[in-house]
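Take a look at these structures.
What follows is a pair of complexes built around chain A, which joins chain B in one and chain C in the other.
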Partner chain A sequence: MALLNPNFAEEMEPFTEDTALACFNCGTCTAICPLVYEHFPRKMIRYIQIGAKDRILENAQELWRCLHCGLCTLTCPREANPGEIILGLKRFVVANWRRS
Partner chain B sequence: MYNPKDIIELIAGNVGKTRNPFGIPKFMINRWHKDLDMPDKGDAMLFTGLMYQFVPYIEKSTKYLAKFEDTFLEGLIRFAGYVPRYLSGLGLSVITPGGEKKKFNGILQDIAKILMASNVDFFYRPDLDDYSGVLLYDLGDQEGFVQHARYVTGKLKEAGIKKLITVDPHTTYALKVLFPKYADASFDVKTYFQLVDFQSKNGHRHVTLHDPCFYGRYLDLSEVPKKVLTDLNVECVPVRNAGPFTNCCGGPAESISPKLSTEVGDRRLEELNVTGEKIVSMCPICLGNLRKSGADVEDLSTVIAQCLEK
Partner chain C sequence: MADENKDKAITSKRKVGVYICYCGGNISDHVDVEKVRERIEKLPEVAAVRTNMFMCSDPGQEMIMEDLKSGAIDRVVVASCAPSLHETTFRGAISRAGRNPYIYEHANIREQVSWVHHGDKATDKATRLVSMATAKAEQLNPLEPIRVEAGKHVTVIGGGIAGLRAAKDLADRGIKVVLLEKSPFLGGQLASLDQIAPTGDKAADLVSDLAGQVLNDDSITVHTCSEVESFEGYVGNFRLGVKKQPPEMDPEKIKPPGAAGEAAGEFIPFAGVYNGDMPSVPAEFTVETGVIILATGFKSYMPSKGEYGFGEYEQVTTLPELIRSMAENKAAGNLMEFNGRKIRSMAMIHCVGSRQIPGIHPENEGGYLNEYCSRTCCSATLNVSNIIRTSHPGTRIFEFYRDIRTYGRGQEELYEEAARNQVVFLRFEDDASPEVVRNISHSGDFPLMVKVKDTLTFGEDVGAPVDLVVLVTGVEPNTISDLVEMMKLPVGTDRFLLEVHPKLRPVELPISGILLAGTCQAPMDVGEACNAAGAAAVKAAALLGRGYVELDPFVALVDLEKCGGTGECVNACLSDGALNMVDMEVDGQTVRRAQVTPALCLGCGVCVGVCPENAIEVAGWTLKQYEAMVDRIVAEEVTA
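Coming up: the complex of A and B.
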């Protein structure tokens, strides 16, 4: 069971542009991602949308698989900038590690 | 896969204390300019960002990382931070082959020769040529990146530098996009191949051009090297994924997961090998990673400089 934090998107604001809520989960980013890894990065963006902060922290290691290549951002039909969201999540997690 | 926290803290510690990710003193890394007679004043400063100089050290260190990845020894990396930075850096420098250092220094020497042949009014100041800190940005250490970026830009501003000539896509991106955003510093930045201006039709060859992600997508510069090569009579054989849709070489993952990095690099190499022509790269990270996958790859500057010699 995951604890949902409805204010998580706001908590992310200092770390990235507020674009996660623009995503409609079409999966284009996952289809084009060179990692070919599960549902990356779509799953992480979904976690932000529903406020599953704990899930992000539990699976934080996955974020560093991202190559920051930018293919997801180039092809996103909603201009949600998935690459920048993942980078923002990395910043959020690093800040969280250093705080704890 | 290594624990990203361990790798980030190690790299951030090195950059914070020694201004480069390996902890190697700069005078040992940045030696490419010694045999060249370059002015220390002029219109634009050549800013290498030390990325080409790092490649032999990246190759050496990731070789060890690959050896221990996913083994019980993997966790020991967290103790690397306890070794004095310059000591571990010196150790890495000693075990890194001199021939490789010479090879990558040669790439920078070719770039300087290309600029001279193009009559570009440029100068070089090794004291102002620093690592951009872009790896910290990519790894999510925003605080560390901003601190380092301010250090680098502070020195450049103090010296009155306004124009910079870059040699690799990652440093170009940092200087053009990230420094204005995060370090309040704007420079007129051009990459060296935008300044190529000499006549030669001596290319007489076909190549496979691998566009790096940062030139292809982030900086939209892929067409420039292609035009430079075409003008020199070097034909670029089309690649399936190129320009804005170029595929990653896998290099950016090499510090956290050499396995993943090689996996992605192998896939890209397969695409590039379809043409059957020599692969040409214009990014030190791509060059190193494609080599790791077994590619016979040359740097763009080498191909351009060869046209000068004929």
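Coming up: the complex of A and C.
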């Protein structure tokens, strides 16, 4: 079970402007994404909303598939800026990455 | 025998005109209308048969009026759609031609024929239905509508926002109003709210303003602490027995008004406006009134013990309780306080007591489910969340919902605003409600954990550690079984009062002169309740405007020559007071005979069936007319 961690927003703060909670999970970003890879980027944005840090780190490699074409940001009806969030997540992952 | 011969002599001279509609193909695509015309023309009582593409059009109606004026016909049959649609249209045309509108019979050959049958069978059935109508029309006599004197007086039951609105609107039309309220306060459920979504109006202001207008209006008499004990009469002439008594009050929740020195007309938070009227001994009085408006309102759903931990964990509360707590404790601070505890995170669980599904949700104590959406709670919750997030930014809010239904003007904005305010939404399926459990094994010192299979996180199990769980409880109709029993009010499967038609006659009941206002009918927000109240007020004013009310004449008639005074009809009668046994003089002897009160008669015909003497009939639907119709159903030659 994933635990809701509302304070995760503070952890993200240094890496990007946190607009994830403006997202209402419509999936337009995923539909328009040329990668057509499962639920990208919607799923990543949901993980930020509930503060599921483990899930983000487990699936971090997905972030590097992103081409930063900007279509998701262009089409987001809530102006949640998904493109910028993905970029911020890369910075977050790099800062939190631990070799094991 | 002499009577029968006389009747025959009259009926043989009757000239029935028949008007068959194509309904622009709706009928004529399946019924050979011209063939029906040819067959009907052969019937002895029929003087003229005409067809038209749309009989309800002006040329169609004028055709009927011209035939009546020229004397070519003296009875009318229209064969078209269902009578509920156009019967009044054609009766109106007959009236405009200067004739009695009750010399009319309707044959439904659309819903009952062309929409359900095809080919020769459809044409044959249409012929038979029209021939039945002409046979009945031959027997029809002019009737006069029942005219009932109506006092320009309305009684509103319920002093909530809808009752207040209806009372004030009627008073403004110059109509005297009695407003009955069972509690000592005006304002109803609205008085126990604070800031109203989406406009931000204060409930106290809305209630104080309208209640003030009502209390200051000389045309309105307000009786608080008063309940209806008895009911009799009919539209224009109702009689209500009212009992006024000292109220039973929960001193924990509400102080007796006046105890704290409240002046009359003052708003008492979470109670309402006190009008200074507090009886010390019970009293009874009667109200004579023309129209009754029911504004009996709703009550908030009370969760059962154990429902989402309600009654088990002290940290589980309801939305109305939260609203009250917030209004009474407006101290600013990073964290909201509830019952003296600082709230770091809280869960709102939507749809508690609403949209319940058979087989999934347990039945409530009375053995019922609330299958309807309560409509107001999504916006109310988002409004509260926005207030908390703005005034106490440290308090985190998680909303667990099935669907967000912010359906009204300015309400979707509340949802968007909640997202901007960083409210976290979690969505559950109807068969996988969240669980509220004690938080033992998990991190932090939060007392409770709300667990859910979150569809927004692609079906993963998500747990939210919280300090407070708020159950977003819906609305239920107030218990008014006494009124329902007394007035024989129709109640829907959802236990709200049921209107005649949800779209075309939304504030009327089948009982003439009793109208609906507000949430006794369905969940509504304040604006909608006031809309409904305004509509009921206008309907009441229109009903009473002429000083009299006209009712359909299809009521029971007693043939005093045949009546033997058995009283069977009175025993069988479904409408209290419609039939009575009275003493009267016949041939110098006093005998008991049945007497009809036309305004109370439903025209159902139960009395006709039980009378051993065939001494009672329903006007416009006599046994002779039925016999003529049945003869035509079985007649071979009609479709030959």
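The working rule: the second predicted complex is superposed on the first by the 95 of 100 C-alpha atoms of A that agree within 3 Å, B and C clash if a C-alpha of one lies under 4 Å from a C-alpha of the other, contacts with A are read in each partner's own complex, and residues count from 1 in each chain.
What we mean here is this: contacts are C-beta pairs under 8 Å (C-beta built on N, C-alpha and C of every residue); 3 or more make two chains touch, one makes a residue touch a chain.
Only a predicted model underlies this, so the values are computations on that prediction, with no experimental measurement involved.
Superposition of the two complexes onto chain A shows chain B and chain C fitting side by side, with no clash.
After overlaying the two complexes on the shared chain, residue contacts for A:K90 are found with chain B alone; chain C is out of touch. Judged by the touch definition given at the top, the superposed model places A:I50 against chain C, while chain B stays out of reach. After overlaying the two complexes on the shared chain, residue contacts for A:P34 are found with chain B alone; chain C is out of touch. Contacts of A:N25 after superposition on the shared chain: chain C is touched, whereas chain B is not.
Using the contact criterion defined above for the overlaid structures, shared-chain residue A:A9 touches chain C, although it does not reach chain B. In the overlay built on the shared chain, the residue A:H68 is in contact with chain B alone; chain C does not reach it. Centres of mass aside, this uses C-alpha centres: at chain A, the angle toward chain B and chain C in the superposed model is 130 degrees, to the nearest 10.
Of the two partner chains, chain C is the only one that A:M1 touches; chain B does not reach it. Smallest inter-chain Cα distance, chain B versus chain C, after superposition on the shared chain: 24 Å.
Per the touch definition, chain A reaches chain C in the complex via residues 1-4, 6, 9, 21-25, 39, 43, 46-47, 49-50, 52, 78. Contact residues on chain A toward chain B in their complex (touch as defined above): 15, 34-35, 60-61, 63-65, 67-71, 73-74, 87, 89-91, 93-95, 97. Considering their complex, residues 345, 396, 398, 415-416, 419-420, 422-427, 442-443, 451, 454, 456-458, 460-465 of chain C touch chain A. Per the touch definition, chain B reaches chain A in the complex via residues 1, 3-5, 8, 138-143, 213, 217-218, 244-245, 247-248, 250-253, 256-257, 260, 264, 267.
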